[in-house]
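Following are the structures in question.
Two complexes follow with subunit A in common, the first pairing it with subunit B and the second with subunit C.
Coming up: the complex of A and B.
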């Protein structure tokens, strides 16, 4: 945000802030140790508000739970903003000095009255007002979010809607104030930082920037295209069009993780050549032309990852990889060699030192310092720099250093997969405490918490359909059908269902792969479904 | 709470065993003792937990104080005069160690036998150990119904190991009731509150609600109780089974810190391996992401590393990988 793609705060600040908003995040289950810091904050007196369609384990710790309708977050954010403005709780000095486009933004939120927002979000007006006042009046406040915000067709707009609130109240660029995405994987942050984004080089340097390109071209002795590359969703589209015919897939399991699984499998099967580099024979690897056995990065190789507080941390090899499994870096170098580029046999530290030489925000992070200081938070431009506890302090300098932070007006739009008479329930997806993503890793240990994957519905919904706990039902969307048992969960309300994609049930047969044009993320969080009792004679109508 | 930057803390001067020392305001007597390298035994104390003053083995004599004071929790004050090796302190520590040594299996407590020797503790003088309790009887003990020992045998907390899940075991014959597990399960870390101390006196024991088995309790298997247990009463099943089979050998183990591969929080994992196999995972307490605490995935979710598909490892999944130009050398 404001030019750097990372959370603005450190975990330590969560313990010393006055108000924490978890928005579309069930951190208690999905980021348990981050939630330990939240709990310390709560014990130190911070208020917690949780915005989630489900009354989650996180919501049970909250002073206020806003049970928002799936996908109505922008309406909620804009209504909070309007309420802050109506009561004059915005930070005028900060707005005037450090931001742009305020007037346009103010006008855009005008129509999001409490009543209108209550109608769209399903959150009582009084609860919206309470959060607006609590957030604006808190000295320090942080908003943290997860995929409940970003797995929507308007994901980027939803994030922008949250950032607008921080700008409106001056809750960014100070200790204990900021906006923070909680990353879902141990190196989502680091992957982005390293330039694994279609138009970025390491350190968020743009491929459109001729000077940045030149620096990398000189170091790498090659030519870098200024054109933006393809996002994952665009790669699938390119497969559809026959433009992309070969795929090298490292440590990803798109057969299970992509929305609209039927389409994903069809396109992967249609490839001329697919190389999968993985530690296990994933569902995707089964479709591959070649499977390259990889080392388990976190314990069989050396390197670094970067966490949700921008901290670059050392990963260390403890055990040798078995059989012919090899370090990812070694495999990539071997493939480069066969493609005519000899990169030698660089160590993880060699590669890291190259990163430091090309990415100014990493320049001060020597391996020696990473070891000594238990990691460093970027930006860390030189070896005397302690790294950044929080970002954007410059917005409080007088005058503001660098560009001002712009408001962006964003408008609510309903989830794309609309509920109707034929598909009357909304399915939302997520993770559980003891399991992880497609289950390749967590499926191998015996968790006493684990039970059979089920479609979770409210007691009211179960009664309406005449369903009992454990009963197997057919769940259909406009794209496919799965058979799962029912689990009745009081954390849900009428019209809302929940599933994960951790297990054998191919949940993503149901989901819609239409993506947010700005981020390329599919709307996993909102799928219109119907439930049919098996043998009720209505299966045909569900559209197999 | 102490000032986070020690550079800003006021200094407090006190005397320990007639030696003068300056420590930051807010320090404990234990921290001051350690700064002077005074050997101070602790059992219930841990850097990442709130002191509970349960074990009393760290007590010292404070001039002007009627009772001995626990070094682990008592904050320093200017002008304090402390004795760590007086007759009273030595007797008190001797008795604490002796009572625990006679009633609990302390065989896995680090430093315990050295401290017993140091203070002349002799647990044997209470007689032979009484017969272990039958499974579940200690869990059902009613307050006020405890029968005194016959004077010939030493009462113990011995009882069968509780094995009710595949991740960790509870061997309460080794439990010294230090409360660390209760603290870690409660407000000091996990805030799950699955366990507490039940019962009174010698019948006191760590218990789930109504002593139900773990899978029926509120336990979420973060294993943070195992992480803080000083006696081996709480133990990873992996370690328990290897000890049982006689294959656990810490001399053959290596360990290193790495980062958990689940979620984006970035928890430091200390991975312990023996014969190139992971045998357990812990986290360092002095680390400000985890403070030593993990979740179920980080602590227990490592088996996949050791359950690799042979066809993948051979590079033969879906047909052979053709490496025609060079032989694949081992990585450096």
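Coming up: the complex of A and C.
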């Protein structure tokens, strides 16, 4: 944000801030390490607000829980902004000096009254007002979000709506103040940092930037296209159109993780050639023409990962990978060799030093320093730089250094998969503490906490459908149907259901694959569904 | 904290009992019956809910007193209200001996099986009770039962008992001079056995200072206390100010009477100097050392003196709030203190503007629930905060990080009641009483085989023999076999050591301790070996289990003493004794609190000084060759 692809704060700051807002994040279960830092903050006196349709384990820790309707976050953010402005709690100095487009933004939130927001979000006006005041008045405050914000058709707008609040109150660019997307894997941040984004090179350098391109072309002795590549959703569209016929899939399990599973499987099956490189024979690998067994990214490989606080950390190889499994780097180099490019056999450190030579924000991070300092946070431009604690301090310089931060007016729009008489419930998806995404990395381990996947519904919903705990039901959406047992949980309310996609239940048969055009992420969080009781006899038929 | 509750729900009675302590719930989320129409989109909890954590023990008490036991549903409800996992609430609740988790009769008679009662024949009493029904067996159509109990702190009226009746109007009363007939009557529903504090044996002695109001001034009347000179010290404290009080306290050389003998003035000064806020004062009234009952008598008979003393301490060390942590087995003292606190508030002696002098201070009474370890100051803090009463490491010391991790004065009841006279008459005058390193007067709990058991006040310097004679000595025709000084955590003295002066130094010379002031006299009819086995059993029961050497060592010590007493050794007598010494050493070296460090001291002193287990020979087939 504001030109940098990472959270603005360090974990340390969460421990010393005054107010933490977890927005669309059940960090207690999905980011347990980060939540340890949140807990330290709480024990140091910080107040916690959690915004989530469900009253999650994180929400149970919170001083205030705002149980928004799924996908109504923009309305909530704008109402908070309006309330801050109505009571004159905005930071005028910061707005005047460091931001752009304020007036336009101010007008855009005008219609988001507390009453209107209550109607859209379901959250009582008093609770919205309380959070608006708590956030605006806090000396230090941080907002952190996860997929509850980004798995929507208007994901980018939702994020912008949150960032607007930080700009409005001057809660960015200071110690303990900022806006932070929490990364769901140990190296989501690192993947982006290394350029695994369709229009970026390592260090977020744009492929549209001729100078950057030239630097990489020189180092790699090749030509780089200035055009943006395809996002995942665009690749599937290209498969549909017959434009994309071969796929090399590394460490991804789209059969399970893509929205609208039936469509995803059909398109993958229609490919002329698919190579899957993974640590186990995933559901996707079973459709592949060639499977390349890979070493695990931890214990079996050397390298680095980058976490949510932008800290680059070393990972070390401890054991040899089993059987024919090979290090990802070795496999890629071998493929390059067969394609006519001899990269030799670089070590992880060789690759890292190349990153440092090409990505200025990583330049100061030698292996020695990463080792000594337990990692470093980017940007770290030279070997004397301690790495950045928080980003955008420049916005507080007088005059502001670099470009000002613009407000962007954003408007609420309802989830696309609307509920109606036929599909009256909204299903939202997420993860559980001891399981991980499509289960490739966790499904093989037993866990005392794990229970069979279930459709979680409220006691009221269970009563309305006459369902009891554990009863298997048919869950249908406009795209498909799955059979799943019911789990009754007070954390949900009428009209709301929850499921994960960790295990056997092909949850994404139900979800809609329409994406946010700005991010390419599907609206996993909002699927209109219907629950049907099934007789004992139809269960066998359901087993296909 | 992940809050996973079982399906069990509380009864309306249980809910009412808990709500009476915690107040009505501000959200139906915290009661387990969230109302979808009003609260499905917002909730409050967090710091506000967790800040009531210290009310966990009072909430458990409330259920136990109303219902008689604590059900899974009640635990669920308490846990929801406090937003803590039920497993954690269970961990705390099950730490305390007074709580039960299975249905039990509403009427329970606790019968003391500890040292002082044993010395006057409680073994026979218990044997007689067992002929009708064993401990814990429901009687009278399931309405009642009796239980064995560790020392109930009624040693001057041994054998002792405690009657607890759960219900909408719970009833607790101490039972004195218990007989099988009395127990039977209580089990059958008789109440009000007429326990009332009597005058101390030294009644009328003009030299009494700490005991001068005991038995003569109505403990239920603030006016009576004031007429007897009460609150004059507090007035003077206001006049001389905090620094003046600290000066007098230091000059008095008063040493803490809780056992550690730390200079009280220095403790207060240390808290006064701490910049961190708030400051607390905690009165340690968890008097659980077997043979000790002096604090109980003070609280039953002179409760206002304790309040006055704590208020003076609050003034001197700028304490914002005070707690009295009283042991759960003291029903009369609890009622008297509660009444005195209410009266003091009504008369402006506690509250926002004490005596119109601008001091804001109040005191809350908290009850323990049957855990000896909670007399250890850091365990007491944990217990008060709603955690298991396990000791903390020191440092940091309580004056730096005590209750709620804030600077805290923690003083024993007896220590505190010295304060008013020191402030009133000056520290120097106080220091002139007693001897150089032990100033003032001291309360002793003389019990066991003496003619007039009771609490005695003497100036430091009196000898053990003088005190026993003051208590009427042993019965005619009998002789002193041994004296246990300082309670179960203390040490034995032999008849040859009776001329030792009762000072901190004098006790050190005979390798004993004043401890809590217990002087338990055993004549030659007492089976001392059985006493040692009982002491060992006591420590095994009361070890909190946190430090492995104590958790395991107290068990091994009891097993070993049982073998010695039964003359069934695993090895030669020397080997068994050296093993016992080794167990004691490891507990002393590696336990973090006084319980583990002293769990072997009485046993070791008995073995060193008294000729016990002499005919023990190895007969066990496992004897090493």
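Keep in mind that, in the parts below, the second predicted complex is superposed on the first by the 534 of 544 C-alpha atoms of A that agree within 3 Å, B and C clash if a C-alpha of one lies under 4 Å from a C-alpha of the other, contacts with A are read in each partner's own complex, and residues count from 1 in each chain.
Everything that follows uses one rule, which is that a residue touches a chain if its C-beta (ideal position, glycine included) is under 8 Å from a C-beta of that chain, and two chains touch if they have at least 3 such contacts.
None of the values given here were measured: they were computed from a predicted structure.
With the C-alpha superposition on subunit A as described, subunit C and subunit B clash in the combined arrangement. Legend: residue contacts after superposition of the two complexes on their common chain; A:184 is shown touching subunit B, with no touch to subunit C.
Shared-chain residue A:490: touches subunit C; no touch with subunit B.
In the superposed model, A:225 lies in contact with neither subunit B nor subunit C. Once the two complexes are laid over each other on the shared chain, residue contacts for A:384 go to neither subunit B nor subunit C.
Of the two partner chains placed by superposition, only subunit C is touched by A:66; subunit B is not. When both complexes are overlaid on chain A, the residue A:308 reaches subunit B alone and has no touch with subunit C. If you count the residues of subunit A touched by subunit B and by subunit C, you find the higher number for B. Of the two partner chains placed around the shared chain by superposition, neither subunit B nor subunit C is touched by A:93. In the superposition on chain A, contact of A:124 is made with subunit C only, not with subunit B.
Superposing the two complexes on chain A places one region of subunit B into the space of subunit C, and among 9-17, 99-107 or 225-233 that region is 99-107. Of all the residues in subunit A, the ones that touch subunit C in their complex are 28, 42, 45, 47-48, 55, 57, 59-68, 121-124, 127, 458, 460, 490, 493-494.
Across the complex, subunit B meets subunit A through its residues 165-167, 187, 189-191, 214-215, 219-222, 254-269, 271, 273, 276-278, 287-291, 293-298, 300-305, 307-315, 317-319, 321, 325, 328, 331-332.
Contact residues on subunit A toward subunit B in their complex (touch as defined above): 11-12, 30-34, 36, 39, 43, 182-189, 278-281, 285-286, 288-293, 296-300, 305-309, 311, 313-320, 322-327, 330, 334, 338, 345, 347, 374-375, 433-436, 440-449. In the complex of the two chains, the subunit C residues touching subunit A come out as 1-3, 29, 34, 36, 40-48, 83.
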